[in-house]
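This report concerns only the one structure given below.
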Amino acid sequence: MPLDASARGVYPIAPTPFHPDGRIDFDSIDRLTEFYLGCGATGLTVLGVMGEAPKLDHAEGLAVATRFIRRAGNLPVIVGVSAPGFAAMAGLARAGMEAGAAGVMIAPPNTLRTDDQIATYYRQAAEAIGPDVPFVIQDYPLNFSVVMTPGVIRRIVQENANCVMLKHEDWPGLEKISQLRAFEADGAMRRISILCGNGGLFLDFECERGADGAMTGYAFPDMLMDVVRLAQAGERDRAHDLFDAHLPLLRYEQQPGVGLAIRKYVMARRGLIASDAQRKPAGGMSATARAEVEYLLARLARHDPRAAV
Amino acid sequence: MPLDASARGVYPIAPTPFHPDGRIDFDSIDRLTEFYLGCGATGLTVLGVMGEAPKLDHAEGLAVATRFIRRAGNLPVIVGVSAPGFAAMAGLARAGMEAGAAGVMIAPPNTLRTDDQIATYYRQAAEAIGPDVPFVIQDYPLNFSVVMTPGVIRRIVQENANCVMLKHEDWPGLEKISQLRAFEADGAMRRISILCGNGGLFLDFECERGADGAMTGYAFPDMLMDVVRLAQAGERDRAHDLFDAHLPLLRYEQQPGVGLAIRKYVMARRGLIASDAQRKPAGGMSATARAEVEYLLARLARHDPRAAV
Amino acid sequence: MPLDASARGVYPIAPTPFHPDGRIDFDSIDRLTEFYLGCGATGLTVLGVMGEAPKLDHAEGLAVATRFIRRAGNLPVIVGVSAPGFAAMAGLARAGMEAGAAGVMIAPPNTLRTDDQIATYYRQAAEAIGPDVPFVIQDYPLNFSVVMTPGVIRRIVQENANCVMLKHEDWPGLEKISQLRAFEADGAMRRISILCGNGGLFLDFECERGADGAMTGYAFPDMLMDVVRLAQAGERDRAHDLFDAHLPLLRYEQQPGVGLAIRKYVMARRGLIASDAQRKPAGGMSATARAEVEYLLARLARHDPRAAV
Amino acid sequence: MPLDASARGVYPIAPTPFHPDGRIDFDSIDRLTEFYLGCGATGLTVLGVMGEAPKLDHAEGLAVATRFIRRAGNLPVIVGVSAPGFAAMAGLARAGMEAGAAGVMIAPPNTLRTDDQIATYYRQAAEAIGPDVPFVIQDYPLNFSVVMTPGVIRRIVQENANCVMLKHEDWPGLEKISQLRAFEADGAMRRISILCGNGGLFLDFECERGADGAMTGYAFPDMLMDVVRLAQAGERDRAHDLFDAHLPLLRYEQQPGVGLAIRKYVMARRGLIASDAQRKPAGGMSATARAEVEYLLARLARHDPRAAV
């Protein structure tokens, strides 16, 4: 079923599991997908930044996406198709949709500057993948150096009927969510789904501002789902209590560059993937960093017993 | 007394208080300084990014620094002297030292790229301010877009005898602290003081990695002092407990652009400054953001009763 | 007489002459100004990038500007007032206008990204200098990393009545001139003066596209004036012939970083300034580079005997 | 025959010819290659920035490279293999070498900042393509925002035996050539081939500084060959005379973004390719721009009759 603007909940960003020698670990893809299914994920995103997508060649990327899609069954899977050119982007989008993806995610190249350049890029990208492929805007200025105002996002949404979701990871970004929802309330923009990234660092307030949930790679997606559920149920204090218990680790994971190493380490410790191996170039973890994570995990388990590993 | 490499504890980054009409509020400077003195600060930094230094002209900047210095008595005061050219930098450094500053802080211009460019810049800056003026390197890539490896910092330290401190706010930055301390242990670099910025977001672990304390503008510097003290006393769990209680607010404050508005708001709420006014250009706070901060303050007060406002 | 939108011809960007020991060389300011007056310049711009403005402190900058203004007599002088904050900018603008400047030039800080950020910056700057001070937008993406679309320039012009001129140095930029003139022809923007920088590298065609002349620091401004005059008189081939004769040297001068060294060298060779000294940080010229410039000068003199030095 | 450090002359950067509907025009590849063979090119580079490489998917890129390689016969062909990750880079390098390429060219990703990051990137890239594949460093800061000092280039050369050439397009860059040749003369670096890009804008002096020739896409590569030949034969004045005759057009072509449109237009006018079509995103030419190019072509033909089109 194609992705649409009603999407909500938590779409974890899945890492791509590797064997220590660099081969793709397809068994861990299965195990990880089972875990996501079991803990209430409402969708799944593969081949994102955290999925080490640029380190896979075309055939590998497609193989990874396909394995996730097949195992995920009815769970909608979004495939990252960001590429240096539209030919590769369109090729992966087409192949991914044929394999059963629900939609694709497109990040802007880090050379875009002006409002017009950004709007033009998305118009050309939407044309390249075709009008029947639903797509997600990835708005992550810290990583991509592209700054999209609420007005530019509105332009993209209004100019491209197949734009159905914003992966929101601007920083700061709370006012942006409020602004976009205000556009919708005023009838100035049709409704889109907003799922939040940025490691979840502001998820507690993002839900209150009108976000529909999270799309991020935090190693305890099960807890993010609870936060979203509590927030959407109006249980404000309980949502913050749970979020705050995870915040020390979540903040530690959200470090650029080394964040993926930490996440894979925690996921391996939780038994979700067999190895925390990454392909090169990769930021590693020192013994001290590993000890720090273990300390944070031990502290977390005291606050949230379900998080014991 | 001139700043030297033995500096430790907490040097709050002081905001510059303004009246709502944009005039400098010198009475609030006095009140703020009293507060810092009363709560155990070991030093003070003025005219930093958070001090809205670029919005002051030369005479105003000097007047602000002088007022802080006089009121601070024996507390060492570091004056930010970053400027687009060496003439203005040297002028402010000279005037600040004559007014009683303990040292100056220098950020790199955001056009520097290569290791050689960075090292050359600090050599020329050190020459411009003169060999008798102790200086602090401000290493803040997220804000300045200048990336300094540990090796480059070592070059700056070794080439300039008057370099006595690093304001460390790289992100991620824990391994950098360990690396610099390892250089020192190996005899490859003389010892410098390392105080950490970045809003304090990793202060819990930075102290354990060998940092001497904090230099940041979090609105509860009194709590940062306790964290540093507990960490240095080996009370690891208590240090983290206190830190974690503040983390939700601290993280909220650390948002680029709007962070200063939040800090001034909290400081005004605490009665430390009369108004949260900023000069233009300024990021403001929406009513929703103010309500979020109030909510965080209320939650914080439950964990740390001394933080009640 | 204040600068207005009818300005045309050539406004050379004047270097700031220094003695070899770094002191300002006021006698050379006089000699240089005489030269500009004598060769038909229609105006003058001081304290630009090429004027090493950031290397002067406030008092020095004002002294340099004042000296040029006094000597220039009726020639309108534009003073660069770009600064890291509005207090310094407004202070220099006020003092410059009191000293007799015709207007000021404002470059955007290199942190601006979105259309809104750029327009807001100029609105705040215009407010800071005051509505009675005519100003020039400096649009130089290669140096400032700020990309202004024609639409953004139109916004600045329409929102600020005191914006009277564009220093155009986008690259590529020919279509931008055509676009802005088309806005004017359509009644979508009021007329402004457009003078071109970028070392003059496209001046031959810029005049044909509708530019009013040049504002650049090429060491033979006398020849630029002839090119502009010929182009405006419709003597297309002769304009290009003259321009092409200068192009090899002009191109050599337009190298970022070292360009100023080359210009000061040629100006000293022409006897326009006493020394080619720059303040630090400065890009120097190797012996080989000097020999290359001499070779280019010799070749130029064969094509344009008036250029013999 | 694999590329080695003795390469010299002119390696034109070939555009990828397209039909107006976006399909690859293989017949034009043949015609273009015949032209290069006929006019004295000593090699050929395909799938560079100018070859619109990112707009081709993997299979298309390989098909284009293969067609050029086959037609080129004994002429060494360098294949651009820059890619967002090492898997795609290694895949294209392997396939290209199997198809008969002489070597590959690697540009740095625009996120690299420090000396160590750059050196590490090339070490990992060299490892990814394998020690038997000769490679070219592309040093083009204006386009890639990566600044490589001569010292960093020396590190790359010394650390990777398969690094045999520098595509030099730093700006300014003359001193860099001299510095690298001085390293070689001092025995501090083994000899590499240096071919110059940057549209050829400084080719006249680059040859004199020690460059081995040019690797650029100027639409009259035949003239570049003559310039290189004359320079290498010590015919300084004649080399400059010829170069200067082409400089007005060459400068016009070297405009970022629109440069490729201009080159394809001129090549189509010369009959070297059937159409000047580009794939999206593409900078186009206005009617005015086309008229300007025609004017430049007409003027060029008067100076260099062989350039008549």
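The letters A, B, C and D name the chains in turn, as written, and every chain counts its residues from 1.
The rule is simple: contacts are C-beta pairs under 8 Å (C-beta built on N, C-alpha and C of every residue); 3 or more make two chains touch, one makes a residue touch a chain.
All values reported here derive from a predicted model rather than from experimental measurement.
Looking at chain C and chain D, the chains in contact with each of them are A, B.
Between the two copies, chain A and chain D, the Cα superposition rotates by 180°, quoted to the nearest 5.
Greatest centre-to-centre distance from chain C is found for A, with centres as Cα means. Taking the mean of the C-alpha atoms as each chain's centre, chain B and chain C sit 38 Å apart. If you average the CA atoms of chain B and of chain D, the two centres end up 48 Å from each other. The residues of chain C never reach two or more other chains; the list is empty. The residues of chain A lying in touch with chain C in their complex are 113-117, 147-149, 151-152.
Those residues of chain A that touch chain B in the shared complex are 171-172, 174-175, 178, 201-202, 204-205, 208-209, 240, 243-244, 247-248, 251-252, 255-258, 286, 288-289, 292, 299.
Interface residues of chain B facing chain C in the complex, by the touch rule stated above, are 52-58, 60, 83-88, 91, 110-111, 120-121, 124, 128, 279-281.
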